[in-house]
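Each of the next two complexes has chain A plus one more chain, namely chain B in the first and chain C in the second.
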Partner chain A sequence: MRETMQKIRLKVWKFLKKNAMGWAIMLPGLVLFAFYIWIPLFQNISLSFFETAGTAKVKFVGLEQYQILFQSRDFIQALGNTFEYTLWSMIIGFLLPIIIALILNEVVHLRGLFRTLIYFPNIVPGIAVAIMWMFLFDPNSYGVLNSLFKTHHLWLNNEKTVIPLIVFTLTWKGAGATSLIYLANLQTIDKVYYEAARLEGASAWQRFRHVTLPHLKGQIKMLLIVQIISVFQVFYEPLVMTKGGGPNGASSTLVQLIYQIAFVEGNAGKAAALSVIVALLLFMLTGFYFYFGKERRKHVGKIAK
Partner chain B sequence: MAKLRNKTAGILNFSDYKKWYFKLFYVLLILILLFIVFISVVPPLWVLISGFKEPSELFSPKFSFFPEHFKFSKLLSAWNRLNVGKYYLNSVIVVAGSVASAVLFNGLMAYVISVLKPFGHKIIYVLLLMTMMIPAITNMKTLLGNIVKLGLMQSYLPLWLSYGANVFYVVLFKTYFDSIPQPLIEAARLDGASSWQIFTKIIFPLSLPIAMVVSIFTVNASWSDFLLPFLVITDPDKQTLMVRIYRVNMNPPSGMTQDQILLLIGLSIIPVLILFGIFQRQITDSVATTGIKE
Partner chain C sequence: MKRLMVLITIALFVFALSACKDKNDKIVITIGMWPDETAKEDVEMFKEWKRRFENDYPQYEIKGQNYEYNVDTFLFMAETGTIPTVFQTWFTEPQKLIANGYVKDITDELKTLGWYDKMDPEMRAAMSANGRTYGVPRDGYGLGLFMNLQLLEEAGLIEDYDHDGKLDLYDSEGNPLYPETFDKLLTMASTVTERLEYVAGFMVLSANKQGGWQFSNIAWNFGADLQVQENGKWVSKLNSPGAIAALEWIKKIKHENNALPSDVSLSYNDWWSKIGQETLAMCIVGSDAIATPFVNMDKPTDYPYAFVPMPAGPSGERYSLFGGTPYMFSAKATSEQVMGALRFLEYMGRSPEMSDVAKQSIEDGMQVALKKGMPILPSIKPWINEDYVSYMENMEQIYCNVNMDYFKDFYALFDSMKRTEEPHYCQEMYKALDGAIQTILDPKGITVNVENLLTTINNDFQKNYMNNVN
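Our next item is the complex of A and B:
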């Protein structure tokens, strides 16, 4: 009996000795992740079932906050808008980085310079980008684009064009950086494959269709999901460029609505409920992401064999 | 054209470029790239230059790219009047602390997950990865409530430490640590090195390049950061440049004109521009290899 006790004690001691150092070094980081993300997340979930004053719980109301949201016009509009943003970002922003990468991969002149300048918009601060495009899209006759092209477009003040224009500015900032990710992948294609295809008599289009495209496929799927997730988080642009989702809420997004409810209306419970909804939506999308991620790893493994 | 004659990589190679229509196609590709570069570069350039315009020029329906008079003194007087130096300094303080905390906390976290691998490290890593999909704004209200409770409003501490909990940086570090040959670490362990010594003597010196990359990303992210600084620092004397820009753009103080807002934006771009100029190779390379954009 005593022997087994001692054995167990020895095992526990060994276990601690092996792991304690690691845990100790990790602890400060874990505390930070807990403070900035995990704890607020759980507070949010619990807060979403309450009526609140400030961030204090006043009364348990069950799913009432969710119910109020689903019946509110703002929520329905922001949800619809968010999907509209996603759709436009597929049209404007999805193919462009692939095309840029393909071109960069073919061009042999000034390659480094092209790469650098095309990446450049990504480093311009988000707020600066938003205000910059506000100036360019100024609806007055002295607005930059209006005065340049002698037009009288309303740009961001037009409910029909505001979302595609904001997606355009997002693409302006992000497409170059994304194209470099594709480019890195394109450069891993061994030229032997192209050579073999050429010897078989494949045209340039067939080489693209049967060598390049299959190689990119996994990455295209992954970055598609990444892009959808990032579009779901559009926040600065409707906050700054359309002063909080205007005109008439035509450019509001779910995350910007969270900000609106939490900090302008000051309704923490309702904001928490909306946060939970957004987190659930993103959770589902990320599920897809990891599913496709797995498939891609398998694919790469096959080639390596 | 010599470059085309020697081109062997890519879909089209030198033998294709013997044909005239592929040569034409190549010229077309270059033109498309030039157009994209133009769109990428000219708008920020317009901002930088237009800060020097007079308000009347900005409100003229006749478009002009360059200002009528390029007065450098305008920059100096605006710098003084708008107190840009103060906001620059605040931003620099925020950035410096953020970089230190980003490298230290995320680096140590990745070191434990990648090298020490204590019991439970896999679950921790999954929990970290899951934070990737949670937009910062969803947690902001409750996080701010906690910051208030801890009495940390108007303090830079919550801004600095927020960069210590960044899963993208953990992934960057971990991927790098994973590539350090295990035998090197095993040998040190056999020689009796402690986990701490392994970190300071082997991992740390080897990981300077990745620490550099994380630092560059953090400088850029923290300099551009808006939401948390906006909510935590409400004291106008302690605001960062980005928060200041947002505030004056939303509610211009009396006497503030459009050209001054443009000057402020231009001045907010210049530091990242310089950073990018120096480190563009490291930045673009690391984006390409890791797939992480910022």
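Our next item is the complex of A and C:
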């Protein structure tokens, strides 16, 4: 036993000595990561099993907080809404950046100006965007859009249209930045492929399908996952635009519910439990991200060879 | 280089030591109600109060911090011990702050100063738990009906009968022309909406628990008691006949009379902008918010805004939900700091003490308010000692700068109407009722069975909350 322990200690010492510089370089990052990410993460998980007063643990209740959440109408509604946001973001916000990138790629004159204009909504602070669109979507007859189009739509006050409209504002803000990422990729495609395709008699659609799309495929998959993860965490748009997830919870989201429980109700244990559930859902989505990322790296590797 | 580093290290060490030697032995009190730097008159006034206080109590040092209570920041400040010694919060918060251990029990300090029994008992109860008190009221509020008389005149509902250049709220025999019942309110609101384009006659709140808060008062006036004791157990009655009648009234004014705005989610921040933009004629608000449209929409103090008592229900019940805006104290504050902060409240004119310095401060406050063009009205008194009440009433009479005909009935009737909020899980009850109101305000709400809706909400509330009380 003693000899085994000595052998293990020697192995560990050799390992550390061999990689001493690497460990020394990594150490500050590891410490910061532990302090700001891992320790709070494990503390949060631990908190979710307790009844709390403030953030102080009062009584161990096991999975009771999770039970209360799964039986709560607010949670079920917010869960459904969050997936609905994701679905609408794929319908409204997924193709648009690709289309914008394809168009920008064909622009010859004033390309820089168009890129700036497309990117501009992205630099407007999120809260300002939310408030601006909230005014535009005023449901009264004197509201901006209702006055302009002479309609009487409820816009954000209609349970059916509130989520698509919020996704629309998210798309308005973010599509430009995403399209520039696609544009950067499009500009790495060698023109030789397009010339060869033209010589073969390929139409515009065929060139897109057989040259452009395969090149973009990996990136599309990755950005789709990133978009889904990002929309899954939508928070301040429903908070600001619909006064906390209205009408009647139709636009509430999981992250907004965490905020509501943690800060407005002051129940840290229940909020911690909900954040663990959200984290597990996001881990699943992140798993898909890494899987598709592996595919993209293989694809890029093949092209490089 | 090495010598230089050693010299710098020694210098820093000496500097640190000297800082220790100059340590201030004063008791530092952080006042969270300190005004923002841009409000120059208020800042000067607070500085003068600070100067007077530190002169009389040299063992204290006052530090001003412009802290506006917000749920987003409060939790972090509480956990890191950076909440001011004394701060103002919303009337909805005391029980949550007490339960989470963020505020200090100041019962002993209040009794030492003799303030405990001078506090309005109902306001004190709202800031107390298990017989201990955790705050002092800044002032009180009661719900009433706010009206834009200009719009009522344009709708032909009132006019300047005596031709004195001011719109009249009473007829030639002194009878009120404002709605004294919910039936009359419905009729007047409908008339405004029919005759004026882009104007809603009335507004019902429905979000951020404010809808439920307001609705509870409407329900009382329709004869409802929302929480009752039956056989020694607390029972929720959100589906009582009075509550159903109140929600039916909202359904009628929304869908039959079309007298409400089109918004489904409306919070307390919406009413004053709609009133000020002349797109809303009447709404139910707290008396502590009367000044808001004057200040935020830059209206002169003689602008025809009125604030009248809550309308009565079909059986004549007429209540005004009553509460107080609290000052509360950090749980980490020492007893000395609390005593100092309470004494500073005297120097702000916010205590029951009627010393010369307190009277001076009250007058300072009135004069600054006049300079800023703020309306000065009677207040709901948080302290009940005779010398405080009589002095305040006298000052309010001297400095009043509004047409009291538009406000007098509210203050005259308030004492007979005031009623405190329901005793248990009020915030949760308000949130549940928000949902009911939004369901009714939705276009599909016209087909909703109100009784079934309230019964579902009532059963959930009883199961999830009221059963915990028993």
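Note that the second predicted complex is superposed on the first by the 269 of 305 C-alpha atoms of A that agree within 3 Å, B and C clash if a C-alpha of one lies under 4 Å from a C-alpha of the other, contacts with A are read in each partner's own complex, and residues count from 1 in each chain.
We adopt the following convention: contacts are C-beta pairs under 8 Å (C-beta built on N, C-alpha and C of every residue); 3 or more make two chains touch, one makes a residue touch a chain.
Remember, predicted model here, so these are calculated numbers, not experimental data.
When the two complexes are overlaid on chain A, chain B and chain C occupy overlapping space and clash. In the superposition on chain A, A:Tyr142 makes contact with both chain B and chain C.
Of the two partner chains placed by the overlay, chain B and chain C both lie in contact with A:Gly54. In the superposed model, more residues of chain A are touched by B than by the other of chain B and chain C. When the shared chain is aligned, chain B comes close enough to touch A:Val108, but chain C does not. In the superposition on chain A, A:Phe263 makes contact with both chain B and chain C.
Legend: residue contacts after superposition of the two complexes on their common chain; A:Asn248 is shown touching chain C, with no touch to chain B.
In the superposition on chain A, contact of A:Asn157 is made with chain C only, not with chain B.
Contact with chain B, but none with chain C, is seen for A:Val240 once the two complexes are overlaid on the shared chain.
With the complexes overlaid on chain A C-alpha atoms, the stretch of chain C that clashes with chain B is 294-302, out of 6-14, 132-140 or 294-302. Contacts of chain A with chain B, set against its contacts with chain C after fitting on chain A, overlap at residues 54-55, 141-142, 243, 262-263.
Residues 15, 18-23, 25-26, 28-30, 32-33, 35-41, 43-44, 47, 54-55, 100, 102-109, 114-128, 131-136, 141-142, 144, 146-148, 172, 174, 176-178, 180-181, 183-184, 187, 191, 194, 198, 204, 207-208, 211-212, 229, 232-233, 235-236, 240, 243, 255, 258-259, 262-263, 268, 271-272, 275, 278-279, 282-283, 285-286 of chain A are the ones touching chain B in the complex. Across the interface of their complex, chain A is touched by residues 71-72, 74-75, 78-79, 96-97, 99-102, 197-198, 200, 206-208, 261-267, 279, 427, 435, 438-439, 441-443, 460 of chain C. Those residues of chain B that touch chain A in the shared complex are 3-4, 7-13, 15-16, 22, 26, 29-30, 32-33, 36-37, 39-41, 43-44, 46-47, 50, 58-63, 105-106, 108-109, 111-113, 116-121, 124, 127-128, 130-135, 137-146, 161-162, 164-165, 167, 170, 194-196, 199, 220, 223-224, 226-227, 231, 242, 245-246, 249-250, 258, 261-262, 265, 268-269, 272-273, 275-276, 280, 283-284, 287-289, 291, 293-294. Chain contact summary for the complex, chain A toward chain C: residues 53-56, 73, 138-142, 152, 154, 156-159, 242-244, 246-249, 262-266.
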